[in-house]
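Right, one structure below, let's go through it.
Labels run A, B, C, D and E following the written order; every chain starts at residue 1.
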Amino acid sequence: AEVPTVRVSYIFTTHHEPFMVAMSKCEGLKDQGIWLEQVVPKEKYDLFVDGEKVARLNVVVAKSGSETAVLFAQKHIDLGMGSLPAMMTARDKGTPVKVLCPLHADGIGLVVPSNSPYGSWDEFLDALRNSDKPIKVGYHSPTSAPRIIFESAMFDNDISVTQKMGEDADVFLVDLKSTSNLIPALTSGQVDAWVGPDPFPEMAAFRGAGKVLMDLRDLPPAGKWSNFPCCVVAAREETIASDGPVVKAFVDLMTKTCSWCNDNKEEAATLGAGWIGIPAEAAKKSTIVYTTDPSENWITGAGVFMTYLDKMGKFKGSFAGKRLEDVQEGLFDFSFVR
Amino acid sequence: MIRSGGALFAPMVVPFIFLVLWNVVAVQVGNDLILPGLREVGTLLFHPGTDVISMGSMAGNVAVSLVRVLVGYSLAVVVAIPLGLIMGASKRIYGLLNMFLGLFRPIPPLAWVPLVLAWFGVASFATLVGIEEGQWYIWLNNLKLSMLFIIFIGAFYPVLSNTIYGVSNVPKILVESSRVLGASERDLFVKVLLPAAAPSIVTGMRVGLGVAWMCLVSAEMLPGSLSGVGYLITHAYTVARTDVVVAGMVSIGLVGAFMDWGFRVVEARCFGWQRLSR
Amino acid sequence: MAEAVEMTVPVISVSSLEKTFVTEKGDLVKALAPVDLEVKSNEFICIVGPSGCGKSTMLRILAGLETPTGGEARYMSYEISGPGRERGMVFQEYSLLPWRTVAGNLGLGPELAGEKPESYGGLVEEYLELVGLSDFADAYPYELSGGMRQRAAIARALVNNPEVLLMDEPFGALDAHTRILLQGELLRIWETHRKTVLFVTHSVDEAVSLADRIVVMSARPGRIREIITVPIERPRRRSDPRFGELAYEVLSMLDREVGCRS
Amino acid sequence: MIRSGGALFAPMVVPFIFLVLWNVVAVQVGNDLILPGLREVGTLLFHPGTDVISMGSMAGNVAVSLVRVLVGYSLAVVVAIPLGLIMGASKRIYGLLNMFLGLFRPIPPLAWVPLVLAWFGVASFATLVGIEEGQWYIWLNNLKLSMLFIIFIGAFYPVLSNTIYGVSNVPKILVESSRVLGASERDLFVKVLLPAAAPSIVTGMRVGLGVAWMCLVSAEMLPGSLSGVGYLITHAYTVARTDVVVAGMVSIGLVGAFMDWGFRVVEARCFGWQRLSR
Amino acid sequence: MAEAVEMTVPVISVSSLEKTFVTEKGDLVKALAPVDLEVKSNEFICIVGPSGCGKSTMLRILAGLETPTGGEARYMSYEISGPGRERGMVFQEYSLLPWRTVAGNLGLGPELAGEKPESYGGLVEEYLELVGLSDFADAYPYELSGGMRQRAAIARALVNNPEVLLMDEPFGALDAHTRILLQGELLRIWETHRKTVLFVTHSVDEAVSLADRIVVMSARPGRIREIITVPIERPRRRSDPRFGELAYEVLSMLDREVGCRS
C-alpha cells in the first residue's frame, strides 16, 4: 500500500548522530524492531516497524537550527532536528510546530586557540575578571544553546557581557554566524575563545587549532548545566495530526537509536564522523549523551532558555513576556515519548 | 631564436615565482588551516577520483556542478535568444518589455537566494517530474529548482542583452540590399538578422556561461544540496580542510577557463568574418 | 503589339515625385521637390548634384526602399510599391553579407527566389567570370579589396537579371585608379548586357565618361536643374578637349548650386 | 500627441501588470513567508529610516554596504588603472604579467570566500589601524578585510581589462600625428593615451562597480558582519521575514541601478566624442 | 653666405633610401628599393604610384616615424632621426584628437613645445581664419564634415610653422567636389606661405592640378620611374587640353606599372 512521505531535516553535527547512524546502519538495526532501509543514499529512506513499511523519509540537510525553523514555517519539511531555542522562536512567531522530544544532552565545549595563555577554566575566569579589555568570545548563532548557556553562566557568576562594540564589559560576544567559522576563528585569532557544539571542540583539538578548556556542563554552579537542552526533534502540527503513527515511529526510532549510540560509542562516532567527513578520532572524544527523555532537569533548562530569550528581546509574538509554564502546552508534545 | 624562446618563457616567470613563493610562505606559516602547501593541493588535484571528506570525489562533484550549470544555462539560453531576437527586431515589443525586464536586471542573482529558497525550498527536477527512486532520481534530484533559478537569472541577462544588441546593430545596408534582392520578412530573419547577430549572441552566451558558473558557487551553498564543487569547498571550510578549499577553487577556475576557451574557439572559428570585416 | 509598347513606354518614369522626411525630432525635411524624369530602355543616366540634394532618396524610391510622399514613380507601366527583382541596386557602402563567400553572395538573389543551387550555379560562375573574380568564388568579403567587393556587388545585382540597375555612388569609396578600372568594366558590362542604368556620382569626371545623359540636380530640396546629353562617342578619352569642356561646364553648374563651401 | 503619449506609457504597462499580478498572487497564496504583499514591502521601502528586525534601519544598512563597496572598489580602481595603463602601453610588461593575472581571473570572487575567511576572519580596518574604541571603531570595524578582499577581486578584473583594452586600442594615427607635432613619451601618455582610453576605462569602472556591488551581497554573508543590506536579507530569511527580504532586494537593485546610471551619465557627458566619432 | 647655402642645399634630399619591413610572421617585405630625390625650397611635389609601392613609407621616413634600413634621408644638412617641428605631416585618416575642440587641436603643437595659450592663441585664430573654420573653434571633430576635418588637420600642421609639409593622400577620403575645393585652398595657402610640399595622391587629376613636379613611382619595391615637370602655368583649368594630355600620359604610365587589375 501507499505509505505517507515525510520530509525530515537534520544538520551536519554529531548532535544528530543517532539519525545518521540509523541511516548508515539501516537493516543493521533490525533487532530494534524499527529501522530504515536505504532507497537513495543520504536522501531517501523507508521507515520500517516490525517488518512493515510505514513511511518514506525524504531527507534534507539544513545549515542551522534557525534554518530548520524557516523550513518549517515555509512547509518545506514535516519533521526536523534543531536546537530548542530555534523551535521556541518559531513557535513565538506562530509557526505551528511542536517539540516532540530531546535528542541529546551536553556536548558543548569552550575552546581557546592552541597558543592561548589560558590553560584552564580558572585561569580563563581570572582573565575575564581582571582584563581591562573585554575578552572576545564567539558563538555560532544568537539563539543557540552554547551561547545561551554561556551567557547565563556568566550572569550567574557576575561577569558582565556585551554585544556592542566599544562598550565596557568583561566579555564581548562575537557572532561567528555559522559553525563553519568556528575553527577558522581560532586560527585567524579573531576571538579569544568560543563556545560551540560537538564535534567542533574535538575537531579544533584534533587539528591542532585549539584546546578544549571545559565541557559546558561543568560550568558552575555544578550540576545546573548538565542534561541541559540543546537539540530536539520537532514536527509540524499538521503532520502530527495527519500522520501520527509515522511521527510515533520516527520518535521511537530515535529513542532506540539513541540508546544504541550510547551503548556503542566508538562505532557510532565512527559512523557519524564518516557521514560528515571528519576524522573519527575527533568524534570519539565527544562527551555527548543521547536521549529522548525530557527529564526534570531538561525542562528546567528549557525554562532558562525561555527567560533568556525573552530577556534578549528575541520574542516578538505570543511568547513575549511569558514563562515556560505559560507556553509549555503549545510548545511541547511529549505524548510520543511518554 | 633565443629571443623568441625568451618571449615564450617570459609569461611563465611570474606564475613560477608565485608558486615558489606560495610554497615558501606555506612552509613558513606551517599551519595548513591557513595556507596548505603546494604538495597537498597538488595531490588532491592529481587524484580527482578519490573520495574527499566523505563528499565524493573532486571529479564527481565538478561533474554534478557542471550538469547543474548546463541545465540552468540551457534554460536561460532557450528563453533569452528568441526573446532577444524579437526585441531586437521590433521596436514596439522592445518598448513594451525593456523597462519591465530592466526592473530585475540590477538585482544580483545572489540576492534572489533567500526569496527563491522560500519559493522552491528543496524541490528539485525529480519532484517536478515525479521520479522518486533509482539512478535517475539521484541525477535529477541534484537539479534543485532554486539553484536552477539562480543560474537562470545569472545567464539570462547577458544572453538577452547581447542578442538584442546584435540584432539591432545589423547594418541597415545588409537588410536593404537583401530586400532589393527579393528577401521576404522571413528571409530577412533567417538569412540576414540571425547570422549577422550570431557573433554577438555567442559572445553573450560566453559571458552568460561565465556568470552562471560563478553563481553556481553560491547556489551550491543552498540547503538540500549534498554535492557540487561549491558545496564541497564550503563544507571543506567547515571541517577546516583548507587544502580541499584551494583544490576546489583551482577546479572551479579551471572549469571556468575551459568553458570560456571553448566559446572563444567557436568565436574565432565561425566568426572570423566579423572581426576581419572591421 | 507588346513589343511596340515596350519601345514607347519609358522603363522608368518619375512624375511630380516628392519626398518629405520626418526626422526623429519631428522636424520636416523636404528632400525631393517635385521631380520629373523619364528613362528609356538601355539608357545610361548619371545623376550629379550637391550633397544632400536627394539623389540617394530618388534612387531608393525607385528601388522600393522608400515610399514617396507625393507624385509617383513607375517601372514600365506599374507603380513602384516595394523592391522587385527587375530593379537591382548597388550601394556605395560595401553591402555583401560578410558571413557568405563571394559565390554565396552572388547566389543570394536566386536563393531568395526559391531556386536550387544546381539551377543557378552556372549563372553565378558566369558572372564571377564577367567581373574577374572566378578565383575568389570561395573567398569571404573581408579577403577582398574594396574594388573587388564592389565588383562582386555589381555581379550580385546582375545575377538577378534586373532590367534596371540603380547604382548609388558605387565607386565613391574607391581610390581613383581602381575607380577608373571599374568604370571601364561597368561600361563593358552595360554594353554587352544592355541594362538600363541610373548611376549617382559625385565625380563629374565619372559622369562625363559614363553617361548618355547627365541629370544635374539643384541643392535641397532636390529638383532637376538641367539634363545634359553627352555628345561624345565611346570610348571616351579624358584627353579629348570636348571631355574637359563638358566636365568644366557641369562643374561650374554645380559650383553655382553650392554657392558656398561645403 | 496621442501617439507619443501612448509611446510614453507603453513601457509602464507590463511593469504595472506585473505589480497587480504580484498582489493578486500574494493575496491568493495568503502566506507572506512565501510572497509578501505589495503593501508590506512598500511600507518598508517608504520608511527606510525605521528599525527592521532589530538590525537597524534599511537606509542605515544600505549606507554601510555602500561604504564597504566604495572602499573595496576604490582600492581596486587605484591598483587596476595604473597597472592597466602600463600593461596596455608596454608589450613586454603585458607579456610578463598577463598570464599570471589570467590565472586568477577565472576563479569567481565568491569562491575565494572560504580561503579569505581563513586568512582574515573578522579582522577589519579597525584591527589594522589599531583603533579599538569610539565612533571611528564602529565605522572602521564594518570594513572587514575579508569583505574588502572579495569586493576588490570582483572589481579589479573588469577595470584592468578595460584599461588595457582602452590603451592598446588607441588609434595609431593619433599617437603618430601627436609625435609629428612634437610630443615626447610623457606627452603621449598624458595627452594622448590617457584621454583616448578614458571612455574604456570609465566603462570598466562602471562594470567593475556593478560586479563589486554584486559581490557585496555574498560578502555580507560573511561572519562578524552585523550590518549591511546583504546581511539584512539573509538574516531576514533566517527569521522568516520575507517582506524584508523583498524590500532588501529592491533596495539592492535600486542602488545598483543608480550607480550604473551615474556612470552612464558621466559617459554620456564626457565622452560624447567617443560615441559620435564612429 | 647663409642665405646662399639655403638656396643651393635642397630642403629634402633622399639618397639610396631603402626600407625593408619584417612582418609579424617574420617575412621580409621590401617596400622601398633605393630611391633618390631632391626637393628644393618652396617646391610642390606630387607623388603618384600603384598601391603598395612605398609612397606612404617614404613620407613616414621623412616625417621621422619610420627608420630607413638603407641609404639616408636628410632635411637641410642633417640626417632625419625622428619627428621634428620643421616637418609637419597631414595624414589620409582623420587625425584630430577627438576629445579636443578644433582650437584645442590647432594649439596642440605649441602646447607640446611648452608655449602658453596666451602666446599661441593668436596664431591659432589666424589659421582658423585661413582655413575658414573661425566659426568652429569650439566645435569637436565629430561635429565637422570630412572636408572640414582635413582643413583643420592642415591648419594644425601649419600652426607649428613647419618648413616642409608632408601630405599623405590628405583628400583621399573626401568626395570629389569637396576635394576640388580643398585643392584650391591648399594651393592658395602654399602660395601665400611658401612651404615646401610633398603630396602623395592616387588621383592623377589632383597631381596635375597641384604639382610643380610629379614623381611617378613603380610597383613594389618602390622606385622612382619618372619625374615629370608640369609645364602648365597656374591657375590650371581642367578644360585646358594640356591638362588632359598630361593626365593621360601619367595615367598610362601607371597603367603599365600596374599591369593587371588591382
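Simple rule for what comes next: contacts are C-beta pairs under 8 Å (C-beta built on N, C-alpha and C of every residue); 3 or more make two chains touch, one makes a residue touch a chain.
Since this is a predicted model, take the numbers as computed values, not measurements.
In summary, the chains found to touch both chain B and chain E are C, D.
Greatest centre-to-centre distance from chain B is found for E, with centres as Cα means. The distance from the centre of chain A to the centre of chain D, each centre being the mean of the chain's C-alpha atoms, comes to 39 Å. Chain B and chain C, compared by their mean Cα positions, are separated by 50 Å. In whole angstrom, the spacing between the mean C-alpha positions of chain A and chain E is 86.
Separation between the centroids of chain C and chain D, computed from CA atoms only, is 53 Å. Of all residues in chain B, those that touch two or more other chains are 33-34, 117-118, 234, 237.
Within chain E, no positions touching two or more other chains are listed. Across the assembly, chain A contributes residues 67, 70, 74, 178, 184, 187-188 that each touch 2 or more other chains.
The full set of touching chain pairs reads A-B, A-D, B-C, B-D, C-E, D-E. Considering their complex, residues 7, 10-15, 18, 33-34, 92, 95-100, 103-115, 117-119, 213-214, 217-218, 230, 233-234, 236-237, 242, 245-246, 248-250, 252-254, 256-257, 260 of chain B touch chain D.
By the touch rule above, chain D contacts chain A in their complex via residues 33-34, 54, 117-123, 132-134, 137-138, 141, 221-226, 237-240.
Those residues of chain E that touch chain C in the shared complex are 50-51, 132, 145, 147, 172, 175-178, 180-181, 201-206, 237-241, 243-245, 247-248, 251, 254, 258, 261-262. Remark: chain A residues 7, 12, 39-40, 42-44, 56, 60-63, 67, 70-71, 74, 76, 178-180, 183-184, 187-188, 203-204, 207, 209, 274-278 touch chain B in the complex. Residue ranges of chain A in contact with chain D, taken from their complex: 64, 66-67, 69-70, 73-74, 89, 93, 95, 133, 165-166, 174-178, 181, 184-185, 187-190, 313.
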